[in-house]
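Below are structures written as structure tokens.
Two complexes, one shared chain (chain A), two partners (chain B, chain C).
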Partner chain A sequence: PQLLLRRRPASAGAFALLARPASSASGGLPPLTTEIHPGIKRGAFSQLTDADVSAFEAIVGGDHVIKDADEVLSYNIDWLRICRGQGQLVLRPKTTEEVSAIVRHCNKRRLAVVPQGGNTGLVGGSVPLFDEIVISTSRMNSLLSIDPVSGVLVAEAGCVLEQLDREAASQGLMMPLDLGAKGSCQIGGNLATNAGGLRLLRYGSLRGTTLGLEAVLPTGQVLDCLTTLRKDNTGYDIKQLLIGSEGTLGIITKAAILCPARPKSVQLAFLGLDSFQAVLDTYRLARRSLGEILSAFEFIDSESMRAVKKNLGLSCPLGEHSFYVLAETSGSNETHDREKLDGFIESVMSMDGCATDGTVAQDAGQFAHLWSLRERIVESLLVDGYEYKYDVSLPLADIYRLVEHMRTRLDGRVIRTAGYGHLGDGNLHLNFTTPKFDAKVLELIEPHVFDWVRDRRGSVSAEHGLGLKKSQYIRHSKADFAVRVMAEVKRLLDPNGIMNPYKVLPDE
Partner chain B sequence: YIHIINKADMAASKGLKILVGCKRVIDYAVKVRVKPDRSGVVTEGVKHSMNPFDEIAVEEAVRMKEKKLAGEAVAISVGPPQSQETLRTALAMGIDRAIHVEIPLAQLEKLQPIHVSKLLAKVCESEKPDLVILGKQAIDDDCNQTGQMLAALLDWPQATFASKIEPSQDSKQLRVTREVDGGLETIDVSVPAVVTSDLRLNEPRYATLPNIMKAKKKPLAKMSPDQLGVDLQPRQEVISVEDPPVRKAGAKVESVEDLVGKLREKGLVK
Partner chain C sequence: PQLLLRRRPASAGAFALLARPASSASGGLPPLTTEIHPGIKRGAFSQLTDADVSAFEAIVGGDHVIKDADEVLSYNIDWLRICRGQGQLVLRPKTTEEVSAIVRHCNKRRLAVVPQGGNTGLVGGSVPLFDEIVISTSRMNSLLSIDPVSGVLVAEAGCVLEQLDREAASQGLMMPLDLGAKGSCQIGGNLATNAGGLRLLRYGSLRGTTLGLEAVLPTGQVLDCLTTLRKDNTGYDIKQLLIGSEGTLGIITKAAILCPARPKSVQLAFLGLDSFQAVLDTYRLARRSLGEILSAFEFIDSESMRAVKKNLGLSCPLGEHSFYVLAETSGSNETHDREKLDGFIESVMSMDGCATDGTVAQDAGQFAHLWSLRERIVESLLVDGYEYKYDVSLPLADIYRLVEHMRTRLDGRVIRTAGYGHLGDGNLHLNFTTPKFDAKVLELIEPHVFDWVRDRRGSVSAEHGLGLKKSQYIRHSKADFAVRVMAEVKRLLDPNGIMNPYKVLPDE
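Take a look at the complex of A and B:
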């Protein structure tokens, strides 16, 4: 019966199906990151020698040491194709012991390394800049255990998020996070970047749902904090340092995650609105009428919808509106949830200036299609050519003011200025596109957009992290002393500075 | 190739009255699991929705109304209490009113197309539609029988696997394009008739909010098989339900010589 219905559009999770988007730069390859950032100097690291390569071959086996230039190239380019590093070597260990041996050797020899999971990061944090050695966690992909009673899932860092979610589903559970990259991103990378995603609104961040982890520190020592206990107040919670450290304090090798129960009933309302105030009013209504069953609240502006329709050919069941909202509910009782959703819809329709155009997904196909209109925006913007991505936290009222301000500032210089994001979390995704990389456009955007955010006490990086691209702006959202304390922690755990250099903390 | 069945006139003046069948089935995107006792599949707590071919049938009825070919569209579902939700979806898409023939849970599992077609035939006696549109088959049993049986019981013409429905050239009949193995067949049928919808008939619309709200106020009548005088005695007994055999893993070979060797081993090549 499945075969009879193939015409439904591809669901979210497009990252897995998508071949990497073609770069518009010359010859199809992005420019070397060192050309875009000529100011960054290579650290005082050693050069890779044949003896090093032999040592690695002895640790992981010749088959899992990649030296061939063509193969190594793909590990040097990020998903957005805005970075290209010059790493010469990729290692693919299978066990924590192998990772430990590799890192110990690199620390002794002062060889710089970049831990890499699914390589779906958006700030250039997962690829080399110079000749750092890539340590890929892709082969560390075993699910270690799922406890259906406590909901604790223990997995190796290289497990792909979507696969973990499928395994969790077989036990009536679900992973507590969901993002567009789920078909490719790995749980180790999710933890290292403290990934947010579509359902943070309901299930919280990985800082709360990660019960324990195991990591290899830059000295090669194995840090075992892999507990499955819900409560454990014995000493400093060191795993919190590693979560969100973007691979600069160590390589996460295992994680224990607390999985919520998989909802029996998931409903999705998709609304068309004509002002941002209406979006905010609808959000307030959603929190009041949907309350504890609200599991996602996303907004999309008309420019983003235009990109998805034109560049990917997706169809939108609603007419033209300035804004669109996706409100999702997840609960344990379908009748109860539908009643609540009906109440919400009635209020929305009777509220002044609020949505009169909208739909509720009637089956899984419509559900997937409506979500794809939000999840595939990034992909659709890449079709324009070159994408400048910004991810900020702002007070709700300021969120769209920034988009309008930047749209005016860049008028005529860009193909489009698109604003969308996790409204419920106060998180705006702001993107600009040009046919090719344009340094003048970048100058118009940065640091202006970060200054604007700083002046309103927002975050210059809500969930994407700092990586390479935003490390110089950390003080826009963190006090100087706080940054200095971070540098002390980095020095303590990574005395030779080999672990993912040039990222997160500004160089000084 | 045009095949004229007979020449009764169409009640074109006030538009056709259409009866659309909707079945509540396990959502097509759900991974179906067999019950451990092998008596059937797991339905408890599993997402259900309208049979996709029935969605297409509903959409076609609504479009015919919009084109003024039809005057009234009525949806009918034979099933458990939750079938009401399926009918609400039909109403939200633009159907005028609905009929729910409620089947008690005990008899639900044994319900077959023969029973459903008899129930529908009885309803047709009182509702007197000009056209009955059903999905060509349900995605749970894949029977592809109800439409054909209904036409036989009513002694009405049938046009199954429809990919297009339009008035015939003289506007006295319906011209239906059918998807058949060899390609497409176009026939003219007089009304009243039974048509079953195929995939390419149309793309069903999303139910809009105003219509979802309106649907709550549209009439939904309940009936029982007893009221209709239909006997639901099962004619079949399901002995067991099993998973299809697991596909055996293939083997990879390193070279053409290996491939030829393996093919010879299996006696597939001399």
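Take a look at the complex of A and C:
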């Protein structure tokens, strides 16, 4: 039975920061990051003084300088609760000018800083390691403009993605990116990490959809590239350096995003398949049958599905399968879209060795529920205890071979080896869980998993970034000379190295 | 009467380099660029010696070192024939290693170079000014790989766009960009200038569709970022600096491009309209009715149409109108696409003050002919004599106001003030013609037209780049500090300033 629903509810499947499991792997606070990475030494930065704090209070006002240790703690711990920094101060500026004044002071005084948005990153990039000062963008949360004709939305960095999408919806538009963390993540952080997400397949990367950017560079100077023009070939595209720099080249303060028209019709098929080859075949069919309306193609393996069912109590409408696929369409004509989806499902079901079972969302509730089976996997795995999280790009043929290879390698040592991700982007999320952190397991995973990916010319970070956790593996995916150029760019823009140190680039 | 055709012929409307008018404005050779820009002084570069030439012959072989003055001449003159440089040597390397060896030598010896692809640029960026050595990429023209499943094409820089599109077609794919010069322009030049073109509206910019790049930097070092992965968040995206740098930061040698699926059905509607407001209203209707299958929306004013008809003898199937619109669809289902186009045309025709006349291409010949009315405008204007060419981005409401404003300003002094372009991108091509170069006319145009655009927060170069002709106007569209950062990046990558000097960045 098939029934179409008109629009994906903006809040479908969002996980809020509050929804994360109250207890971490160790049952309380995660260990200090410096204990897990004893090799990293504090840079030659100054120590914070009372005079510094007074200077910051003069800039942002006393209410927005957080010194209380309990309050500061949540800014020191990442969402996965695998990193804990030793920051002592959090600043919550309201304007670009305040960010600029803060950073100018820090640069002069050689005080290290960490920009922080929604703190939903998964590679330890958004929290301090030592005593870096946290600059939170949360109060910079105004939508500045939205033009229904050109589709351009201009917003401050601290705007939450889901809220922006709601505003876009009111103008017949949508944000070109969507990800599980949308209820908490901020657009500034999305840009700083070049977030990919569920619909990159259709709407492309933020490198194409970001028209303009304003940022405070590590010297405190304001880089104003906040154009709203679709085309502007006047000089080098400096803003691209900021996109994906994970806060190491500056703090993004505003952005202009090109929003596509909100689809009039959205449909979701959920299929059960019994081999990874069937997943690949189904993807090929989807591209052919659904063409320009295909807006997402996600796969989930049985181990991931078991985690969502057991750890979160979610129900799966299909029986047991090795794999599940979510194929979503977004289009402008419900009748046409429905015909295309019918055609796709007919082909899939009639093709030998392809899907064996399937359903189509019949209402907004089912739609949200099916998506939650995919979007809440990361949350469900945390319930197991400790999560070892990887995010790689690979040629399609190799994607699931890595999961099987690692499952064999870790047999008997982990609760779960789970693989899922964005098939259309060649992007695998690979996860292992143990009751507690197990150094021996980590040793079996790293650097082996990175080597395996490198040997197949994949990327050791498809969309999560390098952050603290993967910076030493950058050369697995980038040539030596390219890394040297990056280091030179870093030195050029951040001569004192105060901006999010220890992240992205490897030790020299 | 409507009939659909299945695919746009790859060669439709292409202009070849040979097609350009044999005589220029002055009836023979264009004046030396140094005569037109006497203010620009030669940089402190070395003079070419016989020893240099021998060194180059050892690298690329004697056959590929061009010294003959007549042969060198065509590399000194741009396609519009408004620039003539004084280069004495052209090198035609075959491999990245040869390019690297050449540039390494030039950097050590402080010899200035100009990278040159198809030499179809419109801002004087691809030809020498003084005696810069031309490094032509024409012999680096191998298609390296093309993957029908992932859609990724890898090619050397000298591959001609139209040929790549033909190769893509054989795998069910298409190049994500298309422009009038496709029969001559090379993919390396397209990337170096961040070419926009006719279908950016649908497939986005090269910043999103370029997955990987290889380039020789001004020191001769090879920057290898030639990944074919759709997602790769491992460090800064250095390749974005090369895209749109117009050959001032290095020579692009290879690229990996993500190609969309080739549409199964392509349709083209050609409409006559009697006001610019009607053009805007028609665009809004097209976005609503055609949704995800809209692949181009181009407008042509009556003056441009007159030039194409009179100067090239092309016929227009519609009567006289103030404006003409080409609305193209590309989709995966002919029946659905046709229904959508029918709906669009019905809405347009029934809406008061909208289109008054229209036709739909009924076969490949008509399709190619209708496109040629748009693609050959630039060529038709050259026939008038001398062409003053501008390419700006503006808010939609201001686009045609600029044409009307300039027409009034230049009344009686020019043959034509013609406006056309990519409406969906807010991109106007604004052109003036006189029988011969007229300094007084130029004075009336510049800087006035740039000031007008700046005052409306537009871009003084939407897609053509700054090259030599607009570099002094970069601050009209970019903040002072952004230009300073660009200059610092230039110094970082090109410490001796040998790579395409006098272009893009203004004099210090």
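Operating definition for what follows: the second predicted complex is superposed on the first by the 485 of 508 C-alpha atoms of A that agree within 3 Å, B and C clash if a C-alpha of one lies under 4 Å from a C-alpha of the other, contacts with A are read in each partner's own complex, and residues count from 1 in each chain.
Basically, a contact is a pair of C-beta atoms (placed from the backbone, for glycine too) under 8 Å apart; a residue touches a chain by one contact, two chains touch by 3 or more.
Computed from a prediction, not measured in an experiment: that's the story for all the values here.
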item: A:419 touches, of chain B and chain C: first, second, both or neither?; value: neither
item: Chain B versus chain C as contact partner of A:358, first or second or both or neither; value: first
item: Contacts of A:366 with chain B and chain C, given as first, second, both or neither; value: first
item: Partner chain(s) touched by A:317 [first = chain B, second = chain C, both, neither]; value: first
item: Partner chain(s) touched by A:245 [first = chain B, second = chain C, both, neither]; value: second
item: Contacts of A:117 with chain B and chain C, given as first, second, both or neither; value: neither
item: Contacts of A:284 with chain B and chain C, given as first, second, both or neither; value: second
item: Contact residues common to both interfaces of chain A (with chain B and with chain C); value: 264
item: In the complex, chain C residues that touch chain A; value: 149-150, 193-194, 196, 200, 204-205, 207-209, 217, 221-225, 227-238, 240-241, 243-245, 249, 261, 264, 284, 287-293, 330-333, 336, 339-340, 393, 395-396, 422, 424-427, 457-466, 470, 474, 476-479, 481-483, 485-486, 488-490, 492-493, 504-505
item: In the complex, chain B residues that touch chain A; value: 27-30, 45, 47, 49-50, 52, 55, 85, 89, 92, 139-140, 142, 199, 203, 205-210, 212-213, 216
item: Residues on chain A engaged by chain B in the complex (per definition of touch); value: 1-2, 4-5, 7, 264, 271, 317-318, 338, 342, 345-346, 348-349, 355-366, 368
